[in-house]
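Paired with chain B in one complex and with chain C in the other, chain A is shared by the two complexes that follow.
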Partner chain A sequence: MSGWALIRIWTVVVYLFMFLPVAVVVLLSFNASQFGAFPMTGLSLRWFGELWANEAILRAFRVSFLLGALTAAISTTLGVLAALALVRYDFRGKNLVSTVLIAPILVPEVVLAVALLLFLRFLQMPKSFALLLLGHVIFTLPFVVLVVQARLVGIRRDVEEAALSLGASPRQTFFAVTLPLLAPAIFAGMLFAFTISFDDITGTLFWKPGGVETVPTQIFAMLRNSISPEINALGTVMIVLTVGLPLLGAAIARRLGARTR
Partner chain B sequence: MIQPAVQLRDIVKRFGSFVAVHPTSLEIPEGAFVTLLGPSGCGKTTTLRMIAGLLDPSEGEIAIKGRRVNEVPIHKRNLGLVFQNYALFPHRTVAENVAFGLRYRGVAREDIRRRVAEALALVQLPDLGHRYPRELSGGQQQRVALARAIVIEPDVLLLDEPLSALDANLREDMRVELKRIQHRLGITTVFVTHDQGEALAMSDRIVVMSAGRVEQAGPPEEVYNTPATEFVARFLGASNILGARVAAAGDGEVVLDADHFGRITLPPERARGVGPGARAKLVIRAEKLGLSPPGAPPGDGISIDGRIETVDYQGQVARYFVRVGDTQLQAINMIDEHPFSEGDAVAIRLRPRDCAALAGDAT
Partner chain C sequence: MATVETREARQPWILLAPALTAVALLLLVPLAFIAVYSFWLRTATGADIAGFHTDNWAEALSDPFYRDILLGTLRIAAITTLVCALAGYPAAYFIARSKANRAILLLLLMLPFWVSYIIRTMSWINILGVSGAFNSALLAMGVIGQPIQMLYNEATVILGLVHFLLPFMVLNVYVSLEGIDETLEQAANSLGATRWQAFREVTLPLSLPGLAAGGLLCFVLAAGTYITPLVLGGPTDAMFANLVFEAIITQLDWPLGSALSLMLLAILGALVALYNHFVGMSQIARGFG
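And now, the complex of A and B:
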């Protein structure tokens, strides 16, 4: 057997190891019986129905959506402004600001989570939804900044200068030229922020106030009590959302991008 | 006196401690086509961007139509700007690109449509309004960029190497086209290039720059025939520069004893700043040296002997490098009459009135 064949087999094994459990969860979510075991006794949407009837889970979904949407809105706004400042302007301490903005992806999330919590303690502020939101903004911001920055570098300055020379004020130029050309990146950044926030558990566990659950923390809580097939169904829904959204986003961004290249 | 369209008064541009433009004063007459010509890095773009308002001069004053504009931001200067890379708005159609400036001037909708159509017709792209820039060739994109800049009827049209991204044939066409449009509209134009051919063909006035300074400014013939400095002589076309001694000056003529060619008499306007008894530099354009077979009748000029060392064919003309004593001269001649080859002995002819002299010693 050649080396390449070995590498191929090894790759397949690694991927199986990673994705088989996910596939099992998705499969079992359609299982008719109460106890997750193979062979499956029949197909059913029963567990999805139960999800729909579970008030706690619906509440968690609402919290996650609200949190994700607010995180996306705030991160994108701040991220676009930060990227503009970093790419288009020269100011003192630019490298420092850039590093600080990107740092949250480099620091382990647990460390970031504890640090923010300790800081809040120090300020003697109670945990709140606002804190949770703040935390999510902090660690989604780097993604938005990086994506928007990359696109902004590709927008030639002379296109903006042309708009200025034609009589558009700097603000009009931003809205008529820069923003439309940035749109695909802004959209992508927004989706990143939403899915990362929607997915997050580590930071959320530290920051969430009592009584508030997001979908991931809800799953975590349910797992501690029992292994209900509902969790499989919930897992399937999560997978569809967190994989499907970025794919959809990428498709839309590609269409937007094709027009503006 | 008529007011110049653009006036630069002692403008200076520094980047940190580096001086990109040394004190420069320049007047651009209304309706003129003025070219800033010079090698890469000499400060052409910097000067143009200061006129445009994209850069603030470190010192000095800029006036457009007699009004000081140092404090006026670019979008209120009413200028047309064309860039080397077209800089069209990629997310807008050709018609929308051209209409852009009119929108911000509050022009009525039907007037916009009419003026856009007129501008596109002027640049000979009447049917492409609905296309996106990426669907156009480079030459077409540059025409759109030109249409977009002139449709707003700017006080001054500023062009920064607008032709240099185009291939050679297209560049020739666009050169003619641009000149035609400029002439037709009578629009004051500042054109930046490092291509001397472009500058000579298109300009009413050429401003030759080097290392942030103006070396010479004047009509093309003047700059070409009577260069003010050795830099100008070498930068515009191929020139031979020979050492000479000034035998006499005054009485409406300057007499030089030049290396190899001997006694040459020039009218004073071709030998500015050359005083008696001093050394001078004799500037001879390569195409003013005529080569002929040895022994041919000398005609009305000076004839000396030389030997061809190298031939560089350039289509209709050839550039010959000819050895005369310790000097190598360049001669550019048509090749239909006397195609010479390496090693041929030739007679080199020169009419003194085709030369110019500069003060200082040749190096």
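And now, the complex of A and C:
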């Protein structure tokens, strides 16, 4: 079937298009040449060493990790509670509530960034780490609600009802039965929120106070000069972190899921 | 009994309260605020004059500079969406119909979502830049004597956007194709349709909701993009979000920046509303399942 063969070749081309540029970043980060471009003159780890010695980049990593962790904690708490309400209860106005909760991803990020920034300026609040955190919470929240909701649908209620009917208090039931069942969903939500926060740049550029850089804004600032091998090395570290963490997370979630099943 | 029932009825709202409060205070109220603010005036001294002045809107709507950039932004978003649909549909079809490799293809499809947006955007500098892969290869082969500057134009902005948005398209089309009963196509075949006819008459129409979902995401994300034109575009390739940033952060003309933001929101919001009317938001949520 030649049509099918064509589709297969096309698919290979699409995948190459998606992955080759990223592969080149990883390849060039090991380049021994001091210009960070082709032709490669040999393999070397020196750019990773320079990265490690670059105080600005290390600071950006600390900011990004702190911001991502706090965003994940807050956003997942709000998102899991809301997703529980949406999956477990029927109430009037449910559709409207769902739409409101995913509204932050329907609004273009620039508009969201402008609205929040100007509103807090109006309230005399200067740009700060807190503003950055609030911003990251609001645009990761819809993703957490969607992801957690999708996982929650699969959890059956009768286990909890069994615990209650066997004499456990609602509080005991929540901590002994519901929470362990929820763990994979909570974990998935946190991972999502962390990764989105860690990767964000548009909103961050509007909200960040002067002198504070996250890893993406640091890369963006470095790009203004020229593409140095250091940026490729930083890119490789980012790829390992943002691809490796979710894969690790998926493995842990599967473990958690297997244990509670 | 009544108290138990009212408690049961209140329960979902207690659970929803924190999230709804956050969305209200951090999104809805600020949006209402910039709607009001866009009618204020910024004076030369830097103070705002409250009131109902239509000057910002008149400027945002009539200045040919803003209009051209708005039209340019919509054109770039439309081309990006079209390219994503044409490139992504066959790939999604292949994933949905291939039995052996589906799991690995899907995993690979999800990977770009996790690779940093700024890294994926800047990776094209390594490929197309003056000392990038293409130029080095052409120089080595002797095709060209001098490196050519292929970057920093509208085409590379679109290339960067397609690279960023293609996975969204493939995933959404895949989700809708996967939900189509394969025996429908076989039934059409056995009734005398060719494979191509069966695809065109049966599968393609049934997959349109997924194509529409992917298209909406691609268009809205492309039209709101801020970083790609700065990294891969030239000085004349500014898009609408760059204008907004310029007005707010550089010129500190917040009322004008508010009006420009709301213009973008109105246009993209109208698209989302149209989509919601004809297809429904649940199609997009399915991509997360």
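As a working rule, the second predicted complex is superposed on the first by the 252 of 261 C-alpha atoms of A that agree within 3 Å, B and C clash if a C-alpha of one lies under 4 Å from a C-alpha of the other, contacts with A are read in each partner's own complex, and residues count from 1 in each chain.
Here is the rule we use: a contact is a pair of C-beta atoms (placed from the backbone, for glycine too) under 8 Å apart; a residue touches a chain by one contact, two chains touch by 3 or more.
Worth saying up front: this structure is predicted, and the values here are computed from it rather than measured.
Clash-free side-by-side placement of chain B and chain C is the outcome of superposition onto chain A.
Looking at the shared chain after the overlay, A:17 reaches chain C, while chain B stays out of its contact range. Of the two partner chains, neither chain B nor chain C is touched by A:133.
Vertex at the C-alpha centre of chain A, arms toward the centres of chain B and chain C: the angle is 100 degrees, rounded to a multiple of 10. Judged by the touch definition given at the top, the superposed model places A:252 against neither chain B nor chain C. In the superposed model, A:167 makes contact with chain B only, not with chain C.
In the superposition on chain A, A:109 makes contact with chain C only, not with chain B. Of the two partners chain B and chain C, more residues of chain A are touched by C. Applying the stated contact rule after C-alpha superposition, one finds that A:69 touches neither chain B nor chain C. In the superposition on chain A, A:202 contacts chain C only, with no contact to chain B.
Shortest separation of chain B and chain C in the overlay equals 5 Å (C-alpha atoms, whole Å). In the superposition on chain A, no residue of chain A contacts both chain B and chain C. Those residues of chain B whose C-beta lies close enough to touch chain A in the complex are 52, 54, 73-81, 83, 85, 87-91, 100-101, 104-105, 132, 134, 145, 148-149, 152. Against chain A, in their complex, chain C makes its touches with residues 9, 11-13, 15-16, 18-20, 22-23, 26-31, 33-34, 37, 87-88, 90-91, 93-95, 105, 108, 111-112, 114-120, 122-127, 129, 131-133, 135-137, 140, 163, 166-167, 170, 195-196, 220, 223-224, 226-227, 230-231, 241, 244-245, 248-249, 254, 257-258, 261-262, 264-265, 268-269, 272, 281, 285, 288-289. For chain A in complex with chain B, the touching residues are 156, 158-159, 161-170, 172-173, 176-177, 180-181, 259-261. Against chain C, in their complex, chain A makes its touches with residues 1, 3, 7-8, 10-11, 14-15, 17-22, 24-25, 28, 35, 37-39, 77-79, 81-82, 84-86, 88-89, 91, 97-104, 106-112, 114-122, 134-135, 137-138, 141, 145-147, 149-150, 195, 199, 201-202, 205-206, 215-216, 219-220, 223, 227, 231-232, 235, 238-239, 242-243, 246.
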